[in-house]
Amino acid sequence: MPGESLGVPASPLPLLAPGAEPTDVGGEMHRLIRDLYPICRSITGNGVRETLRRVAEIIPLETHEVPTGTRVFDWVVPKEWNIADAYVKDANGHRVIDFAESNLHVLNYSIPVQAKMSLAELLPHLYSLPEHPEWIPYKTSYYEERWGFCLSQRQLAGLKEGTYEVHIDAALTAGSLTYAECFIPGESPDEVLISCHVCHPSLCNDNLSGIALCTYLASRLQACARRYSYRFLFIPGTIGAITWLALNRDAASRVKHGLVVANVGDEGRMHYKKSRRGNAEIDRAVAHVLGHSGAPYEILEFSPYGYDERQFCSPGFDLPVGSLTRTPYGRYPEYHTSADDLQLVKPERLEDSLATYSKVVHLLENNKRFVNQNPHCEPQLGRRGIYRQMGGKMESKQTELAMLWVLNLSDGRHSLLDIAERAGIRFELILEAAILLSEHKLLAQC
Amino acid sequence: MPGESLGVPASPLPLLAPGAEPTDVGGEMHRLIRDLYPICRSITGNGVRETLRRVAEIIPLETHEVPTGTRVFDWVVPKEWNIADAYVKDANGHRVIDFAESNLHVLNYSIPVQAKMSLAELLPHLYSLPEHPEWIPYKTSYYEERWGFCLSQRQLAGLKEGTYEVHIDAALTAGSLTYAECFIPGESPDEVLISCHVCHPSLCNDNLSGIALCTYLASRLQACARRYSYRFLFIPGTIGAITWLALNRDAASRVKHGLVVANVGDEGRMHYKKSRRGNAEIDRAVAHVLGHSGAPYEILEFSPYGYDERQFCSPGFDLPVGSLTRTPYGRYPEYHTSADDLQLVKPERLEDSLATYSKVVHLLENNKRFVNQNPHCEPQLGRRGIYRQMGGKMESKQTELAMLWVLNLSDGRHSLLDIAERAGIRFELILEAAILLSEHKLLAQC
Amino acid sequence: MPGESLGVPASPLPLLAPGAEPTDVGGEMHRLIRDLYPICRSITGNGVRETLRRVAEIIPLETHEVPTGTRVFDWVVPKEWNIADAYVKDANGHRVIDFAESNLHVLNYSIPVQAKMSLAELLPHLYSLPEHPEWIPYKTSYYEERWGFCLSQRQLAGLKEGTYEVHIDAALTAGSLTYAECFIPGESPDEVLISCHVCHPSLCNDNLSGIALCTYLASRLQACARRYSYRFLFIPGTIGAITWLALNRDAASRVKHGLVVANVGDEGRMHYKKSRRGNAEIDRAVAHVLGHSGAPYEILEFSPYGYDERQFCSPGFDLPVGSLTRTPYGRYPEYHTSADDLQLVKPERLEDSLATYSKVVHLLENNKRFVNQNPHCEPQLGRRGIYRQMGGKMESKQTELAMLWVLNLSDGRHSLLDIAERAGIRFELILEAAILLSEHKLLAQC
């Protein structure tokens, strides 16, 4: 829908209708996830580069390389990690644990190793999940040099006494940390920051779903006129957010609203974790969209534990950034295991998440203040035929009430979201009323 | 009770005891309603004039005529409407619908008509209430020139095919809009605005009850010394409020508290709809009076839909005006039908409503700030014999507590209502304590 | 534990562990109560002096004598009251009421009397409790000169017609009002005021328990380094508080937090009555300690009725002083009767109350503001080995969260109590995290 505007128009333009793309966007999101699934990502290395290269086939990405050793606040960009192959062979030369079958089998960021050892020597390097005997856990060791393998409890139980050959063909070398931005300029230099982590290997909900959502939301936004500028970050978790903040303090200072995207493909209800500020416009916008969604949802207070909102909401930045997910990290059993796979994420849930994000963006874009041009008593709406304009609509009574609320509260102090909240009417209807009244010169934008 | 004071006296004067008139004020209110019931009122015309003439027999009224065509903000004063007779006759010359039986039978503000027509031609001009087959609905068409008749569903069902003679002897002519004020000056130019609509024909609860309440509350207030000035408005709904506000901006700017009066005679509980401000003194005063009434009640948030508070609370005025009713408009089945009649309104409910309004006025009059003249530690009340003065009262423990609260919070920042709210003690007792303490020079008014 | 510090140390010092004294402090408190129990106290006189003399054997006390007739705000220090003996003898010369058996038998502040009279003449001077026939009530008449005896309903019922000899060997003479202070200086001149009333005769919960708590809390505080200065008041109720405030306005102006101590030995749950301010630091500190105590408790709003918080919270002072008790005055049946005896107060409840006061003091001492020295993003805690330092603790996950909260909210605006409240984590854990982070130079005190 090129040229469409998200903002309140001077003349009546069609609004962004979230989720109204002609294409099967949920299916496309799922295809992107499937495409990215086999790549072995980590907080650095070629897996991230390959991931970003494929995303860049859909949206324009600017990719950045930050050299190993770069100081970023209290942290240092680590060595780059790459891996070619890894396995454990039994005495018969059978690969009993094989990186080629699942990149989760290797402790992420393992140092290289080539050794023979007894089972007793091997065991301290093996990680499994006794409570889910078929699943491989996902483990990392970024800042302590170790090696290890992850495997299912069933596999572990099958290991017999004997000599094993352990091989990890990995490299930890001076290189760089890779991240990418998709910047979509708007009328205003004020920015909306939307961030996903790209450091997890073959895990779908956490966080290929977030990568897919950012990709297709950016794609959708490119097609619309925009009030705000949008900056999508594709960054490794924690160190990527810290690196971006350290190198982009000007951009950070322009962030007016932000969301951290993760776990948006599972069957669970939407969850919104508020920003540190707790009552920022983004917090109220998401709460309003979820509250009027008709679906169950949950609002969580901010806590300094979770995804990269930890960094964006650190006291030196205190950005108004929350996190909008389906089931939050750690609350679903498949989290950080091989069961977070292509079956766990559903095209229709991905599409529903994208629609929710679109509604939030739509609200932010249109949440303006107006001034009633006829503030003394009500204007005579009947004379202008406004009631008739609403006549054909099912919810004309609600629309009339929406117009009266907009007229009553448009004193320059109340935003449309303020009005929607006080009226208990969904934002779209309040916006529709504001547009109609603006067309009749009864409202003017502040 | 001439000369009595509503305010806190320098020396102990008897207080207004609301509802303590010697006469049967509920009965008088009901008699006034009965007297006004047959008159065919509308937003303009002789019905309003006749109504005001009769009210003026009880309280002094200043009547205003605003010519047709006068611009009032976004509106224009309409043509004046008067009606002499109206009927529909069947082929036998029988009046099957007759204005003489009920003025509700004519669509209020109908244009004149004299015609013969088939039932099929007549039907689009007829209004009934299928869900209440015995009741005549009340319908208007002020700003679109139409004609019509209202009738019971039973009557409608009895109409047979045939030719009907339709006759409405009405006139829509250049004239004026009529409204009246009863202004009762007080010590201060600050005003309390109390407003009722006078535009409804033979409907009792909505709003002959409001007219009766305003009349007798004004009468009662005339007999008392007053801190505030009081302005009672007898105005047609919507256009009357807009006209008054347009022509009386100085008076409007002096309004410190206000109430819109309607539906005060039915059996329902009291309802208070807050002003746009939501926490104005009038909002808190009414909530306090209702909260301590011992009777069930309901507090409603402001909304820009309802009676003339819509205009008083428009953003250009934002006056602290709420609406205190029994059952609100639209929430009782008889609303805007012929069943809103003399049986629906009860003398004892009218009297109870008047008593409630009187208590609110009493609270506003006496809601002052005091300063404890002995702010360091408690004064020695026992030495002054104050405890003994309270000794004879049943609730002396409560009165002692009231005195301690008044002393503790009278730091110049807290009004007596603030104190009553925090103490959870009814205002009258707090006031009584303040008077006693003032007499003993322990308090001084701010 | 001499030399231990209550405050956040520059280097890691052991914290005050409230209730961790080696001695049986509850038993010691109960022994002090038993020692003071027989003394006949009143608002003046030798009973108070003797009481203070014994307390001064445990903690240093400065005793003050304020002469009869001294004006203190609206009050005047009364005559001093002392009593040697009192009885009522029947015709046979038997002491049917005997002060030597219980000092409650005499109306406190009785004028001297020596007379013979009939039972009918005696009866108006006798006070009993029909609802508790075995208990002697406690009655006073400080400001009206009267005489009387209190006795059990059973005793009263046994009095036969006849002539009685009434003897009260009391003296009401120019003397002085006695009170004492235990002042324990701290780093800051800002004071914490802890006050108990010493005017009640043989009554244990009200208020020998309060005297014992103040004594042992002062004793404990002497042994610690202190940020605040502490002033313990041992004063007669009402007139003592008024006298102290009148004569110590400088000290009053330095009070930053305060508690009135009474009824701290019974079996009931803790109750905290808030200061007039309602949200003072002391109010929040006590609420936090009680909320994390694991025991049931109750928070009461301020009211200007109760103990000496009435005076401290009078509007001319408005000190942040609440009252922390077990069962409040008047809410237990033994209140102000001979049943408020040595059995009603339990060593373990006294000790628990002392522990609660100690935790409140500990919180106040340590409730400081810090500034995150690394406010941009999280610091790399792992590199510093901080996680390992917590590794041995059962609640290391909670401690990690506590550290993240402290880092996130230490922007100079949030105190540790603010952080504890928002995080929902108990203050001790937040404090422990702050100390650990301070040691690693990640926090600095404001």
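Each chain gets a letter, A, B and C, in the order it is written, and its residues are counted from 1.
Here is the rule we use: a residue touches a chain if its C-beta (ideal position, glycine included) is under 8 Å from a C-beta of that chain, and two chains touch if they have at least 3 such contacts.
On a predicted model such as this, the values are computed, not experimentally measured, just so you know.
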{"item": "Interface residue overlap between copies chain A and chain B, same or different (over half shared)", "value": "different"}
{"item": "Rotation angle superposing chain B onto its copy chain C by C-alpha atoms, nearest 5 degrees", "value": "120"}
{"item": "Distance from chain B to chain A - Cα centre to Cα centre, in angstrom", "value": "55"}
{"item": "Residues of chain B engaged with two or more neighbouring chains", "value": "none"}
{"item": "Of chain A, residues touching chain B in the complex", "value": "372, 374-380, 382-383, 401, 404-405, 407-411, 423"}
{"item": "Touching residues (chain side chain B, partner chain A) in the complex", "value": "72-75, 143-144, 238, 241-242, 245-246, 276, 303-305, 310-311, 313-318"}
